């Protein structure tokens, strides 16, 4: 923000031929700084974040953080152009799987010394959350959110369907879903589905990774090797295809947003989602409860939704130091609990006592299952192509294509992307 | 009505009926925008769906006006689209005049270069363009928003075609009287081109009012956005777009254009033909 | 644009602009033209052509938007021609263009011809109504259409089901998604072409029709031998711009399908956007843009040549 390039009448200037030269720090540190902070927390969480920012601004006299609230999508649309011209924010928050590409391309500042500093309050961060800000061993940001995907279920529909206990395994899960699927007019298209399992663009892209983990499979190993073409994943796809297509426990051809809407409309008894499902349910007058995704044959695990914030190259040295000060403040004991309660996400630090967040029922239930969360594609720079390949795989698999072929194809595409 | 139709050939009646059907289908999405804007949330996602709201409500419009600084955004849209239109009409017509009615070397090549600028997707030049505007110090200013659109290849080409068709003898007399080129342009060619200018003005205004990418990327300050780019702010955190609210926002976005169009449409479509030239 | 007589579009040797009196030197004439051209050329030069040249330069680098780009020769161009995703996008873009251009142009022309009939009742209303979609932005149009064809709550889907037509989940169907996004573009843009055709039609002098009628030409023959030939300028103009619009299809696809299902609506500009703004590979996006520019230029020249020849045949 502070980089004022003087290139007036620069249409002919060769300096413009190449993209902005990145940061040109002033070299001084510790002086007054005004930081711009872009984030996409537009709901109640945004108010809580603003409160923390205001407290920070009031806590000292040198640094002022100004927030600019956008949608997550528009941050992604505008960040590149703004940063390339030195007009970007100093701090930016983004979905965690978007961070590696920005870090890899040189848009973000590494925070190694910040993490090494005891006063940064980073020592007890959830390891999975930290994995999502690491690229090739270097840390580039701090997490602002990390929560495993969970099952949000409509308690009224459970009661009406006579399901009294939440399923613990896949088989029980499918059985419960069948019991909750209602096709009153018998036309083969249920009016109410037991569960809604989107086959592409799933919530935070995490549904199918979660199912793969459950059977002991994975997508990428160590950030460099594609491992999607495995017998475990083949079995997972077969299993869920049978449940979705043959048993009709879920509609097909739906995406994550559609799934949220269907659940919000009371037409599905269960959905896989993030903490906001609780407020969607409340808005629609649906009584809902939260449970962990049932255990697969191999293990119980869930892909996590992550949000991270980072310092950009548009911040000069002074602004960097100021941003780190803000991060440490954001992660301190008091704010770690306050942010969790206010955002409805579990605490980012493992040493926040459970009592501190018990007052929010959603946070309490999510904190209980927080251990199940696995970072999605940590350190993978080209997550765009990898996730597109997973989407195509699951969508085609549900549509009935040959699973072995699809996996081989996905394996190749993903390996190329890596 | 009946008496009017009696004098018509059966084929005309059939054509009329066909037009009624086609027009109804064409207007259906517009109707759905307008009507859904007044539907309560429960009806928006109800099955079976209905065209008309059961309960008319202003809730969606209220939500939009509380979530977006919509008066400011609509104002910005007027400044942006209006500013672009004014400048583009002046600059495009000047250039088109030279390309159509003056003879100079490299005219053909210049025309090809101008048309070629339309053939690169805007997404490709967006970043260098933004950097230039940033280096000029115009980020988040109206100048920066408007300047890059102050002339455009489509307008130049459109007007050139029109000017080419104007008979050459109309300026002959003026030339013999010793009128300068600019006077011929201003007092002879332009008055004859009013319908074309009106048409181009409408196209330019509509296209810029509706443009998403440029104002979205250019205005990092929410206060500087247009109504079209502002609508993206209505998307919820999980990507859910509340339909009723979005339709209400869309209604606000298209209403000024529809009103403006209905206002000038008679003049616009009747006059688009070069009446003075037959 | 609309009244150019059949021979007017092509460049003719300089007409004697100022009568015999003119003593302009070529340099003087060029200076005069430059004065008229200057404002537009400064704007276009600075804000379009300069960024285009920057993009050309970037297409030979590994630019990401940050730091100093490194020159990598033709690597991006080689990537463009070897990437299977790009091949898919080329195929989709071609399909889109082949679907969109004729449908939009024929629909616009057909409606314009019918509405040019002065005896049609309410034609003023129809003209106005058919143009209205053009004032709706692509993003709003895409949103409204997605809602209309939604498999659960879509009104159009519901009505069609009532008629016994199952269209299912159009936007998730790899065979129907493309026709659907094309339909939205036709809906949004045909009014624009329609108005241009209407203008062209009104410029055909009625005396020409009367002469044809006297010669005993029927409606069909009048259309074929009078109307269409006299519209050929307008037609060339509309076709070129419709084709450019098709080759750059992006907005409604971005909103409605995001390029899916299975990449079946992934167009070249979607690919450019994704490479640039999602993968931050500006170099590759720039190279792809230039390949698209070259293809568009070639196709446009082919059209110019085609219409130029037709004109000659007519003359």
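Per-chain numbering from 1; labels A, B and C assigned in written order.
Convention: contacts are C-beta pairs under 8 Å (C-beta built on N, C-alpha and C of every residue); 3 or more make two chains touch, one makes a residue touch a chain.
These numbers were taken from a predicted model, which means no experiment stands behind them.
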item	value
Arrangement of touching chains [line / ring / star / complete / other]	complete
B-C compared against A-C, more contacting pairs	B-C
Most widely separated chain from chain C, with each centre as the mean of CA atoms	A
Averaged-CA centre spacing for the pair chain C and chain A, given as whole angstrom	39
Centre distance in Å when chain B and chain C are each reduced to the mean of their C-alpha atoms	15
Multi-chain contact residues (two or more partners), chain C	46, 50, 54, 58, 65, 152, 276-277, 282
Junction residues of chain B, two or more chains touched	45, 126-128, 131-133, 232, 241
Residues of chain A touching at least two other chains	11, 16, 19-20, 77, 80-81, 84, 265
Touching residues (chain side chain C, partner chain A) in the complex	45-46, 50, 53-54, 57-58, 61, 63-69, 151-152, 168-169, 172-173, 258, 260-263, 274, 276-280, 282
Touch list for chain A against partner chain C, complex	11, 16-22, 76-77, 80-81, 83-84, 101-102, 105-107, 200-201, 253-255, 262, 265, 267, 313, 382, 384-385, 388, 391-392, 395-396
Chain B residues touching chain C - in the complex, by the definition given at the top	4-5, 8, 12, 15-16, 19, 22-23, 26-30, 32-33, 36, 44-51, 87, 90-92, 94-95, 97-99, 101-105, 107-108, 110, 113-121, 123-129, 131-133, 147-154, 156-162, 164-166, 168, 172, 175-176, 181, 185, 195-196, 199, 203, 206, 209-212, 228, 231-232, 241, 243, 246-247, 250, 253-254, 257-258, 261-262, 265-266, 269, 272-274, 277-278
For the chain A and chain B complex, residues of the former touching the latter	4-5, 7-8, 10-11, 16, 19-20, 40-43, 45, 68-74, 77-78, 80-82, 84-88, 203, 256-257, 260-261, 264-265, 273-274, 276-277, 280
Of chain C, residues touching chain B in the complex	1-5, 8-9, 11, 14-15, 17-19, 21, 26, 29-30, 32-34, 36-37, 39-41, 43-44, 46-52, 54-55, 58, 65, 111, 114-115, 117, 119-122, 124-141, 143-145, 147-148, 152-156, 158, 187, 192, 195, 198-199, 202-203, 205, 233, 237, 241, 244, 247-248, 250-251, 268-269, 272-273, 276-277, 282, 285-286, 289-290, 292-293, 296-297, 300
